[in-house]
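The structures considered in this document are given below.
Two complexes are shown next, each including subunit A; its partner changes from subunit B in the first to subunit C in the second.
Let's turn to the complex of A and B:
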């Protein structure tokens, strides 16, 4: 049983608190770290990779501080940074061989390991090509290939699907899903659908704080009763959008069908509906907004049709 | 009835046979052996690490390094053969070559950052600071060995002695390394700082042409002192950068 424990982990950059007293215990499975840009996801991941040291709290793997484990921790770590770097002159094969050496993969096992990676990433045909000729999707696949090269117990993937087309994203999700069976996989993204189907647990991060966590079903459950659907005219749609988070907007004839996340009924004719993960995400993000004015519009709203 | 008898016979046989630890160990041994062979983690030795680093340095860098160092004896020979320059006058030209070799080394080390590989490499078993040290040793070590070889071959021709020849050529090499490492550390991303570093290095070479008396025997201890100081500062600069890498430097990306 693997255990990666974050105990009140805090990181500051000057006066800004990037990660604020983050508490959680990760075990085998896929974890989706969701948050807006600047929420502290990358900082948290860098601390988990021991690239940054926490200013407060500690991170323990199997009960041992990762900072003290040093190379022993890095040995069981796989990391795909948000900005995945590469040497453009290297071929894919040379790149993986180079990183395999840095990751202390035994040379006698390397050919077998590389075959596994080619199969996993589907890059066998281009392994002799220089990386400068690779597309964004191919590079991302190579990135995940290098991350699992040392068969890591802890796999950290920072926004692995950014910049990928839908087909590549689906392929990527399937790869990640297959990797989460016997290791800790932490995947950060601001694309909700990326984690909806593959994450065993979702962690919602806002301003460096963990706002909510649980299985996708649990997170969605918490937003139940806070998602509404209504049909209003265009003028009102704009006003409602300003007031509440709108997870979907669709024009139907001369009216607009809105999906609104709100603790209260936004318009009298709004109908409650089942939340999806995007709604839940908006719900928790909205909940975190302090001092936001939430009331006043319902009374003045026109009678709309149910959508 | 028959079933009951069979069951009793089976239990009797089982009780008689009992566990056989030796047999169990014999049966399991090949499985353990196979598992050990499949073990993906191992501890690389120094030779493995060096080999890995040498192979990680691009061929173009080795080629450029080799060309520069080949240019040294050729230049030195050509100047002596086809010009009326005095012995000391070849040193500024050699200094330029050595400063360029130093720049090449620093540029290769900085490549981890310019290709955005630093963050990824820092997360590996052999992390960026160890990798940096190894690479700096590989590249600078090669330069120093070749310069010493050249000194051994050509020193007598100039009447300086091998030690003095090596000092005169290695000093600009370590000084340029030091200047560019300092600029890399403090002026990363600032074109002016790099330009300033290059200009300063160039000027320091010109100074040797303007004041040829600095090659007098009397100044050799000063040269030696500067060389030792520059080499020590280079080492300290690299170690200090390595320590910063353990902190936040890799997140410059």
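Let's turn to the complex of A and C:
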């Protein structure tokens, strides 16, 4: 049983709080970290890789602080950074062999391991090519390959699907599902579909705070009753869009079919519908904003009316 | 896969290395040929020889006179070959005689007074006594040392260029990993921190010392091929050893010390550059910082000793001038006495750089 425990983990950059008292316990399974640009996903992941040290709180693996574990922690860690650099003069094979050496993969297991990775990433045909000739998607696949080279217990993938074509995306999802069986896999994305079917647990991050967590079904469940569908004319559609988050918009003849995330019924003839993960994401992001607005109002209100 | 080899290949794959080496080597080769070998000439039995042939003749003649240098020997040389004055050939003024007779002429005549070429005279009276006394006071071994002084200067210039090349080549060693965004993966590998830093340092050092040995080996090798190795047996002939407490050493021994000292200088340059590379995380900044150190070192030889005549201060600036590869050549006043102190400071700097690299190349 693996356990990676984040205890009120906080990171500040100057006055900006990038990750704010993040509390969670991760065990075997796939975790999808969802959040907007600048939500703090990368910062959180860099802390989990011990590339950054938290300003507050601590991260423990199996009860031990990861900062103190040093090389022992890195031995069970696999990391794909969001911005992934490579050596243009290296061939794919040389690159992986080099990293295998750094990751202390036993040399006698290496050929087998490499075959596995070629299979996994579909890069077998280009293994002898220099990395300078690789496309962005190929590099990302190679990046995923290097991350799993040492059979890590903790696998951290920062936007692993960015730059992949739809076919590769699907392939990648299947890979992740299979990897998540006996290890902790944390992957960040802002594409909801990437994690909808494979994540055992979704972590919704906004402004460095954990807004919601749970299985996709649980998260969707929480948004139930807040998703509406309605058919309006174009003028109305614009107004509704300004007021509420719209998760889908489709023009039908001279009318527009909207899918709206809202606590109350947006228009009288709107029909409630089953939320999907995207709706839930919008719901929680919206809720966070509303919460902040309300908080702002409460702070400005006379003391007697508070609480 | 050997990490040391990988890091060495990363260093050697930079084009600037090979451009630099080519430029330095061809520059030295051209210089050597144009200004030395092509300019050689000697007159034996009324026949003028040039270039490599002149060198061969001079060496042959010098062999016959090899041994402890005395005033009597010099007189005998002048008796045998005559005074090597000047001959005019149109505009051109050339020395008469061969290398041996020119050597004796330089010491025992007023040859410098060239107002009337062809009228070079033996020193006499007090001037001659002074010179004889000076020769007796500095016992030295005489043999063919043509252009050995030039060799020192050439090696000095070349090693300065090499120091710059080392800074240019090694500034990216750690910085580039950050700039190319390859560092996060390395720093999250089990052996990506200590082993990688170690491999990088070892590869950088191997590069610096390798290129140093290669370049100096080529330069000295070329000299020895052209002029032979006779000059290594001479003592005190270039006036280099005497001023700094090494009067009794042969040129060969002086070269040994100089080369070892130079290797030490390369090592320091390597360490400083790597330290800046790890700390500043930007190749260009690291290069600038390393070159600033080098400039400070050179300035401490050329500028400060002139500005501050005071000996104590000079020692101080010597210590700042550690980067220079051939300090013995220039630091005539502090010389041998300051070497242990200098070596101590260099060692301390090396250790500090290593500690700095360990500190800055690692995850949070």
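In the analysis below, the second predicted complex is superposed on the first by the 289 of 307 C-alpha atoms of A that agree within 3 Å, B and C clash if a C-alpha of one lies under 4 Å from a C-alpha of the other, contacts with A are read in each partner's own complex, and residues count from 1 in each chain.
Throughout what follows, a residue touches a chain if its C-beta (ideal position, glycine included) is under 8 Å from a C-beta of that chain, and two chains touch if they have at least 3 such contacts.
These figures come from a predicted structure and were not determined experimentally.
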Fit or clash - subunit C, subunit B, common subunit A: clash
Subunit B versus subunit C as contact partner of A:61, first or second or both or neither: neither
Which superposed partner A:118 touches (first subunit B, second subunit C, both, neither): neither
Partner chain(s) touched by A:151 [first = subunit B, second = subunit C, both, neither]: first
Subunit B versus subunit C as contact partner of A:106, first or second or both or neither: first
First (subunit B), second (subunit C), both or neither touched by A:84: both
Shared subunit A contacts, counted only where both subunit B and subunit C touch the same residue: 46, 49-53, 71, 74-75, 77, 79, 81, 83-87, 89, 98-99, 101-104, 146, 150
Complex contacts: residues of subunit A adjacent to subunit C: 46, 49-53, 67, 70-71, 74-75, 77, 79, 81, 83-87, 89, 97-104, 146, 150
Complex interface listing, subunit C residues touching subunit A: 1, 3, 6, 10, 13, 177, 180-196, 363-364
Of all residues in subunit B, those that touch subunit A in their complex: 38-44, 48, 52, 55-56, 58, 60, 111, 115-127, 131, 247-248, 250-251, 253
Touch list for subunit A against partner subunit B, complex: 46, 49-53, 71, 74-75, 77, 79, 81, 83-89, 98-99, 101-107, 109, 113, 146, 150-151
